[in-house]
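Chains: A, B and C, in written order; residue numbering restarts at 1 for each.
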Amino acid sequence: MKKTTKETWRREIREAVRLAREQNPLAPSITNTVTINLVANAQLAVGGSAAMVYLADEGEAMASVGGAMYINMGTMLPVYAETLPRTAKALAEQGKPWVIDPVGIGIGGLRTSLLLGFRSDKPSIIRGNASEIIALAELWELESGKKSGGVRGVDSTDSVEAARTAAISLARHTGGAVAVSGPTDLVTDGKSVALAAGGSKFLPMITGAGCSLGGVAAVYACVATPFVAALTATAIYNFAGAKAESRAEGPASFQTAFLDALYQATPEDVGAQPFTIETVGK
Amino acid sequence: MKKTTKETWRREIREAVRLAREQNPLAPSITNTVTINLVANAQLAVGGSAAMVYLADEGEAMASVGGAMYINMGTMLPVYAETLPRTAKALAEQGKPWVIDPVGIGIGGLRTSLLLGFRSDKPSIIRGNASEIIALAELWELESGKKSGGVRGVDSTDSVEAARTAAISLARHTGGAVAVSGPTDLVTDGKSVALAAGGSKFLPMITGAGCSLGGVAAVYACVATPFVAALTATAIYNFAGAKAESRAEGPASFQTAFLDALYQATPEDVGAQPFTIETVGK
Amino acid sequence: MKKTTKETWRREIREAVRLAREQNPLAPSITNTVTINLVANAQLAVGGSAAMVYLADEGEAMASVGGAMYINMGTMLPVYAETLPRTAKALAEQGKPWVIDPVGIGIGGLRTSLLLGFRSDKPSIIRGNASEIIALAELWELESGKKSGGVRGVDSTDSVEAARTAAISLARHTGGAVAVSGPTDLVTDGKSVALAAGGSKFLPMITGAGCSLGGVAAVYACVATPFVAALTATAIYNFAGAKAESRAEGPASFQTAFLDALYQATPEDVGAQPFTIETVGK
C-alpha cells in the first residue's frame, strides 16, 4: 500500500476548505443549548449551512436533507431519549457521516445509555477532550491504555497524549476518525496519527470552542472523508485561534476575532498549518 | 380613498422608532434556542423589553402583559404542542398583535400541524424568507403564484420576487402584514407593496438575522400598525446592516457593530432609508 | 462582638477574586436558555468552570461535583418540576451553597410552586432586581416593607432602596445573603447592608447582565461566604461595567469589553471598588 505523504494530506485539507465554501453544505445539529449559537455561527463562517432540531422526526428529516450531522451531548433533554437513537439509526440507514461530541460523559443515566447505543450505531467522527475520549473507550469496553482521571463537569483532567490509545481504539472500532482537543490536538483514523499544535490559550476560556469544532467537522464531513474532515477542522481552529489571539484583549474580543478569522481563512492558510503525521502499528 | 404618500410612510416609520425608544414596550417571545439571545438583545437595542417563555400558562400570561408577541418556530419542543395554540388563542382573545416566523416550515409533523392552526388563529405579521412565505401560502391553500423551490433546512431556495403573490395572499388572508427578507426585502399589507434594498452581505452569515428582525417587528407592533411595524423593522435592519458592514472584518465583528448600530439609529436615520412603494391591483 | 471593618471586607473580596482564579472552581448551573451562554462565559472569565444541565439526576450529580450551584428560573421547562426540587434537596443534604435568581417570579404556576418550595430548601444567595426581591419576600410571607410595584416580564418597577426590608428579611430567613441589582446595588446578610454604586448604563441593555452576575456569585460561593461572594460579584461587575463603558459604542461592543474586563480584573481592582457598609438594627 502506498503511503500517503504529508503533502497529499495538505492538498486534501485545502480541498475540503475550498469545497465547503463553494458548496455551502448543510450540516444539521442536535446540540446543547449553551453553545448552540456559536456552533451555528462557526458553521456559517466556514461556508456551511446550519439547522438545529430537538424532535425525533425532525432529527430523521435532517438526516435525510443534510450532508452530514452533528450530535453534541452537552445538555440532555427528556426528548433525546427518543430523538438521538432514531436520528442515529436514520443516519446509519442512509450512510450519512456524523460527528458525536460526548460532552459530559458519565453525568446521569440518559447520557450513558445513549452513548452505549452509539457503540453499534457508530458515529463517523468522535470529537472530545482527552478525558471524554478515554471515558468513551472505557464505556465501549475498548482498549483505553489507562484509567481516565475522570471528567470534571465538562473539563478534561487528562492529557491529550494519555488519550492516544483510546483514540486509536475508537477509530478502529468505528472505522471513522477521532479528534482529541488540547494544547496539542490529536487526530487519528486508527491507521495514522496526526498531531497539530497551535490554537490559543483563549480557546479553553470561551465556552463552546470544542462544541463548535465538532460542528465545523460536520460541515467538512459533507465534502471530505472523516479523517480529512477532522484534520481540516482542527487545522482551521489552530489557524484562527492564533490569528485571533494576536488581536484579543480577553476571551470575548478573542471570540469575535476568532469567528472573523474562520470566515477569512483561505484554503492555503489552513493547508499550511503545521502538523506531524505517523503511521500506527497494529 | 386618499392615497398614502411615501412621505406619510416615512413619518410613521420615524414615529415607530421614536415611540419604541420612549415607551420601552414589552414584546415577549416564544422562540428558538439558537438565536434567542440575539432576539432579546436586538429587541433591547431598539428600545423594547424582552421576555422569553416555553410553558402554556406562561405564554398566556405573556399575551396579557405584552404589547405584542413574537412566535418563532425554529426549534420545536414537545411542550409547544400545547403552548403555541393556547398562546395564539390568548392573543386573539385579547386582540394583541403578534409576529410569526415559520422557520423550517415543512420539517416534521408538529411544525406543520401548528402552522395549520395559525390559519384561523391569525398572526398580524408573517416574517420569513421567500421559500418559507411561499410554503406557508401553499400550506394554507392560498394563491402562491408558483410552486416553492423548497426550504433547505432554514435557507431559502427562492427569490424574494418569486414570493410576491404568496406574500400578498397571506396579508389579505390575515388582514395584517407580511415581510419577506432577502437582498431586496418585500413588505406588504395586501394593498401596498414596499420594496427596500440595503442591509449587508453579512446578514445571511450570522445566524438569527431574520429571527431577530421578527422580534424587533414585534417591538414596533406594540406602537404601530402591522404594516408600519414590518416596514420599520426592515428599514432599521437595512440601515444598521449597511453601517455595520463598513466597520466589519467578518461576520462576528459585523454582529457586534450591527447591534450597536440598532442602538444608535435615530428616527431620522431609519425614516431616510430608501424604499419604493406601489399599490397592488385586486 | 468585634465589628468587621471595611478594610476587612476589602481583603476578603480580594481573596475571593484571587482564589477563584487560582482554584478554577466548578459552579454548575440550571439556567435559562436566553442568557445561558453569557452565564458560562462570565463564569469562565472570572476563573471558574461552568456546566449546565436540565435533568433531575444530572442536577443531583452536579450538586455533588460542584463547589456551589446556580439556579436561574428565567425559562421554565416541564422537566424542572422534577429537576429543581431534587437538585435543591441534594444541595441541602450536602451542605453546598447555591444561588437562586427568581427571574420572572409571578409568571405561571410552576415557577410559583417551585419558588415556594425553596422557602424550606433554602438558597445561600438570592439575586434579583428590586421587584423580584420584594415579590419573593411576599411569596414567602416575610416582612417586605411595601407592596411590590410588580414585575413586568423580567424588568423591575421598584427601586433598590424600596427592596431593603425585603432583602434583609430574606437574608435572615435563609441565613445567607441577598443581592439586589440596580443603579446602586444592595447586598446584605441580614446583619450588614452594603451599598455599591458603579457599573454602567449599558448593563440593563444587554440581556443576562443580572443572570450572569448570579453565575459569577456561584463561582465565588465556592471559595467565600455567601455575603462575600455576593459582594465580590457585585464589585467585579461594577468595575468591569465602568471599564467597558468607556470603550463601548453600544450594547454589543459593551458586552465584549465587559467580558474582557471581567477576565482582566485583578484582586486589587475589585477590592478597590467603592461601597458603603452599615450594621442593621434588629
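Observations
Assume a residue touches a chain if its C-beta (ideal position, glycine included) is under 8 Å from a C-beta of that chain, and two chains touch if they have at least 3 such contacts.
Please read these numbers as outputs of a predicted model, since none were measured by experiment.
Here chain A and chain B face each other with different sets of residues for the most part; under half of the interface numbers are shared between them. A rotation of 120 degrees, rounded to a multiple of 5, brings the CA atoms of chain B into register with those of chain C.
In terms of their C-alpha centroids, the spacing between chain A and chain B amounts to 34 Å. Residues of chain A found to touch two or more other chains are 33, 37, 77-78, 256. By the touch criterion given at the top, residues 32-35, 37-38, 74-78, 104, 107-111, 152-155, 205-208, 248-253, 256 of chain A touch chain C in their complex.
Interface of chain C with chain A (complex): residues 26, 28, 33, 36-37, 40-41, 44-45, 49-55, 57-58, 61-62, 65-66, 77-79, 255-264.
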